[in-house]
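As written, the chains take the letters A, B, C and D, and residue 1 is the first residue of each chain.
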């Protein structure tokens, strides 16, 4: 009984009541084409792996096999809205999962509510979704940490390791994720490193490939630290160019999503000691070894099936699929027969489920998944042809320390931002 | 522009229009009760893009100017509605439309004044560059436009009637909102029909066929192109305004130049040398793209192949080819 | 002060790649009066082909011969161009311009998926070429030597092309066809042959742009569409249909982008489009173009 | 009082002096033939007067009013119209549409947005009447692009004529047409011009047509007016023969 099922003791009990053996159809939308595919494709693979594991044991409640319908998020917000409606109204899917871009969840969230379509967003992590677009969600959930966690985790990581930082330079992709990281890094730094000041900013276009001007500008400002939320192909191009400009020898570097998007696309030439964020969610090497068997088996099975290592999207989709399975089983235990959406939703709300990356708690009020934010330092190791998080210096931050509590009023730019601004004390330094 | 020879346009007696237009309008009116909600909403998208296609085609089909930047005016419509919701807390659809018309008049006047001095490839590239300027502004000033998060547009009030909270949005979209769109669609078709068959419309076609001669019968080329540009921009913006409630969110996606490419694709698919071409093209395009996106991850290849095959084999588009076939049939079976 | 030298190198680096893409687009328009919307994809294909040659097939090897693989992408793009032109573009030469734009828009969509299908979603890089040349010091800054190689190739390509167009008899054929296609064919010029050769050279240039820049960056899906819009801006600024225009346009855009990034970071996204719009208002044909 | 006067009208294209300080006078009701070898500046002169080209220097006065820098629309309102050597027609509009457009433009009705063009009965009647005069009424609903070269030449003149001009410039109305058809075309044009007392300037190469239809002949050579006079005077003028037919003429 490998896989997540081992963790759930009561899974083997016989389901109560009659279960239709109609396949359980999941509509999975993520970037399959375009530059976002580097982040999007693994999400589908995580969902597929979990579905296959569940189907090997007969499917949900041992009867309903999971069937996944793919849809390409790169078709644009307009086409995605129509596609979600098509999946629900004409393909009659039972559940919707996916979404990578933070531009799409605010669009699809309300549509899912209109369609009364049970949805677990894996990413599209903008705070805007539950802050403004769908303030009191009924049918939609989101499993990975919200965007604001990235900026805050990175800032706290910097404060813990390099408290003497004075001059900070920034390079962020010019779209909502980049802005969010910049805002939250700045507000947390204002509180924990009051003497640090921003000396240089650069806002390259998302998915650009030439960063030499941004590197030259950063070097010119002679900062102590560079903070960047570049990810995927952007980060790969950036660090290779930065190496040739000797940037890493002249300043510390802190990132929010360097190793998170495609672990195997970072080369052996990547320097050690870079604060490498994983979207404050998951890196496949942590929790390592058999300290957390779920992760060990997940990584082995994922690597066996897809010949690559899972990123945070893969872990998110995998965990989301098992969250569904757990909710269905719990609801069935209570009421028997196949649970309707409301029953599944009531089970998902407040659920505490162990995923490969650790416990995920789904807050009942805003349906947002919370798990401890992690970050760490890049380290080249013989076992892998690419850098991993240095197992000896992993930083984990309890999520409740860096997220606005339930009931905190909606704020600009995010409620977490105003919460930090108003409630966090400013650290007195000598 | 005149390499595509055309049958002489039959003189449009009003009776001839009634014979065609009324039954189609009747069918469109009945559909929501016959089709399932999803198909009806899909058709609503088609009708909205038909309005945009009509707007686009008064420039290409009738004035001979290919704009590769019509996403700008579509986006102006969408963002006008979004800003009215955000800053003026407007709810009524009628106010949205009025605001859109005013906003689009301003933008098209500014862009039009600049663009109509050029023709052919310079016109296309300039319109593309200007639409990208709007896209980058919508992208950059995120504290105003919401950047990639976009701006929310809740369900509007139609004719002052607020939709009851309980009423299911899908029912709303596939019935009352569909009829609202249908009414505007019929209105826009009628208005555009009038414009295109007015002396002004004839003058535009003269400019399309031979700019020098049009000048030498006393037509002020630049002024007429400017007015055609205004009409085109306003129609496309109206489509943008009607499009937003269907999505519920305005994002910079609607401003990217590849979106303009889709508007061009629709008109060519239908046949831009015919009045009804862009209408048929828009509806067919909608179903085609929805099918492609639903069918495979490589939806871009499906669309690309259809476009290349279309331009190679059926340059006059669906309507154009239908007319040629009808003419051939009539000639073969004529006594 | 020496930081300005670095900024200048960066501008020239960007300009030399832009020149190759925009020059190819301009050459094709100059001779054949068509604007190829799929031109950016040939740039991307050049990048992917060279990256997979250096980064994947010969991964791990660090021999100097690898540099010979550099132009592989250019030949690949040229081959694809030589196939595309006679099959999909030739039927449109006597047709109105709208149809040429549309068929190339269709080709753009197809090529985007082809690259996704062949190379998959992950970036392909060929950094061995970039790293092997190491860096040099300029004042107290470090600058990669490879970038200077790219600038040199860009400059050489400009000189070679200029000589090729204005000093060889094939160049005369090219210019004759570009001035008046009908008269040239009346004088016995095999216009179809000149067209396919001009188109292939244009694609070779775009492919070369992709090939020489991929070692310092990486081949990413969607880079083609960005390159197309950038080459439009260069061609708008410099003037459609002339190589001098493409060269000057590329240098101007390179310098402006560099300045915008260092002085007005917020404007980076919008500044290029604004410049293109302004130039088009003042001089529709661009600085060197011929307003046909 | 002279109908149209040009004073020192000049237009240079680089070092070729297309029109070189030309003084050109036309009386009311005259039919003048403008002849000269290719490149003599005939078409350039007409282009300057009709507004297609801007002169480098000199003045153009039409019925006492200076029109040197006036835009084309105002010259048309003043009563100047022209046809084109290479036919310029609205190829994808019908023959009757082509003529009707001139009438709509003349009446200032092309501005109307919300009325159907078909509702202007009077204009369509006038258009059909003009087509009858030019013998084109049978082809009324044909596309202008679909009729013969001879018919297109006639239609080109008809479109200019429909503007009800006082002064009509005809740029080689019979060029590109078989010699058999030249006379019938000129008969039609000449009868209409004469019957409505329209002043006309005809650029022509064919000597029989020139001598048969024009009141006066003006000969141009390398941008200057070489001679002007009645057909008989010009026929006997030696220098004209050298210039027009070349010195070795037997």
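Just so it is clear, a residue touches a chain if its C-beta (ideal position, glycine included) is under 8 Å from a C-beta of that chain, and two chains touch if they have at least 3 such contacts.
Every value quoted in this text rests on a predicted model; they were computed, and no experiment measured them.
**Student:** Provide the labels of all chains in contact with subunit B and in contact with subunit D.
**Tutor:** Both-contact set = empty.
**Student:** I'd like to know which chains remain joined to each other by touching when subunit B is not counted.
**Tutor:** Minus subunit B, contact groups: A, C | D.
**Student:** Sort out for me whether A-B or A-C is joined by the greater number of C-beta contact pairs.
**Tutor:** A-C is joined by more C-beta pairs in contact.
**Student:** Taking each chain's centre as the mean of its C-alpha atoms, give the chain farthest from subunit B.
**Tutor:** Centroid comparison gives D as the farthest chain from subunit B.
**Student:** Just curious, how far off is subunit D from subunit C if you go by their C-alpha centres, in Å?
**Tutor:** 50
**Student:** In whole angstrom, what separates the CA-based centres of subunit A and subunit C?
**Tutor:** Their C-alpha centroids are separated by 37 Å.
**Student:** Indicate the whole-number Å distance between the mean C-alpha point of subunit A and the mean C-alpha point of subunit B.
**Tutor:** Comparing mean C-alpha positions, subunit B is 39 Å from subunit A.
**Student:** Once you find the CA centre of subunit A and the CA centre of subunit D, what distance in Å lies between them?
**Tutor:** Their C-alpha centroids are separated by 77 Å.
**Student:** Taking each residue of subunit C in turn, which ones touch at least two of the other chains?
**Tutor:** 112-113, 116, 266, 269 - these are the residues of subunit C that touch more than one other chain.
**Student:** Residues touching two or more other chains, restricted to subunit D: which are they?
**Tutor:** none
**Student:** Could you tell me which residues belong to subunit A and also touch two or more other chains?
**Tutor:** 32-33, 174
**Student:** Can you name every chain pair that touches?
**Tutor:** The list of touching pairs comes to A-B, A-C, B-C, B-D.
**Student:** Going by the contact rule set out above, which residues of subunit B touch subunit A in the complex?
**Tutor:** So the residues of subunit B in touch with subunit A come to 36-39, 41-42, 45, 139-140, 142, 146-150, 152, 168-170, 243, 246-249, 251, 253-254, 259, 289-290, 293-294, 297-300.
**Student:** In their shared complex, at which residues does subunit D touch subunit B?
**Tutor:** 50, 52, 72-73, 76-77, 81-82, 84, 88-94, 97, 100-102, 104-106, 109-118, 120, 141-143, 145-146, 159-160, 163
**Student:** Name, in rising order, each residue of subunit A that touches subunit C in their complex.
**Tutor:** It is residues 31-35, 37-38, 40-41, 174, 201-205, 207-210, 212-214, 216-217, 219-220, 232-233, 236-237, 240-241, 243-246, 262, 264-265, 267, 269 of subunit A that touch subunit C.
**Student:** Can you name the residues of subunit C that touch subunit B in the complex?
**Tutor:** 29, 35, 37, 88, 91-92, 94-99, 101-103, 105-110, 112-114, 116-117, 225, 229, 232-233, 235-236, 240, 266, 269-270, 273-274, 276-277, 280-281, 284-285, 291-292
**Student:** Provide the residue numbers of subunit B that touch subunit D in the complex, in ascending order.
**Tutor:** Spelled out, the residues of subunit B in touch with subunit D are 2, 5-6, 8-9, 11-12, 194-195, 197-203, 205-206, 208-210, 212-220, 224.
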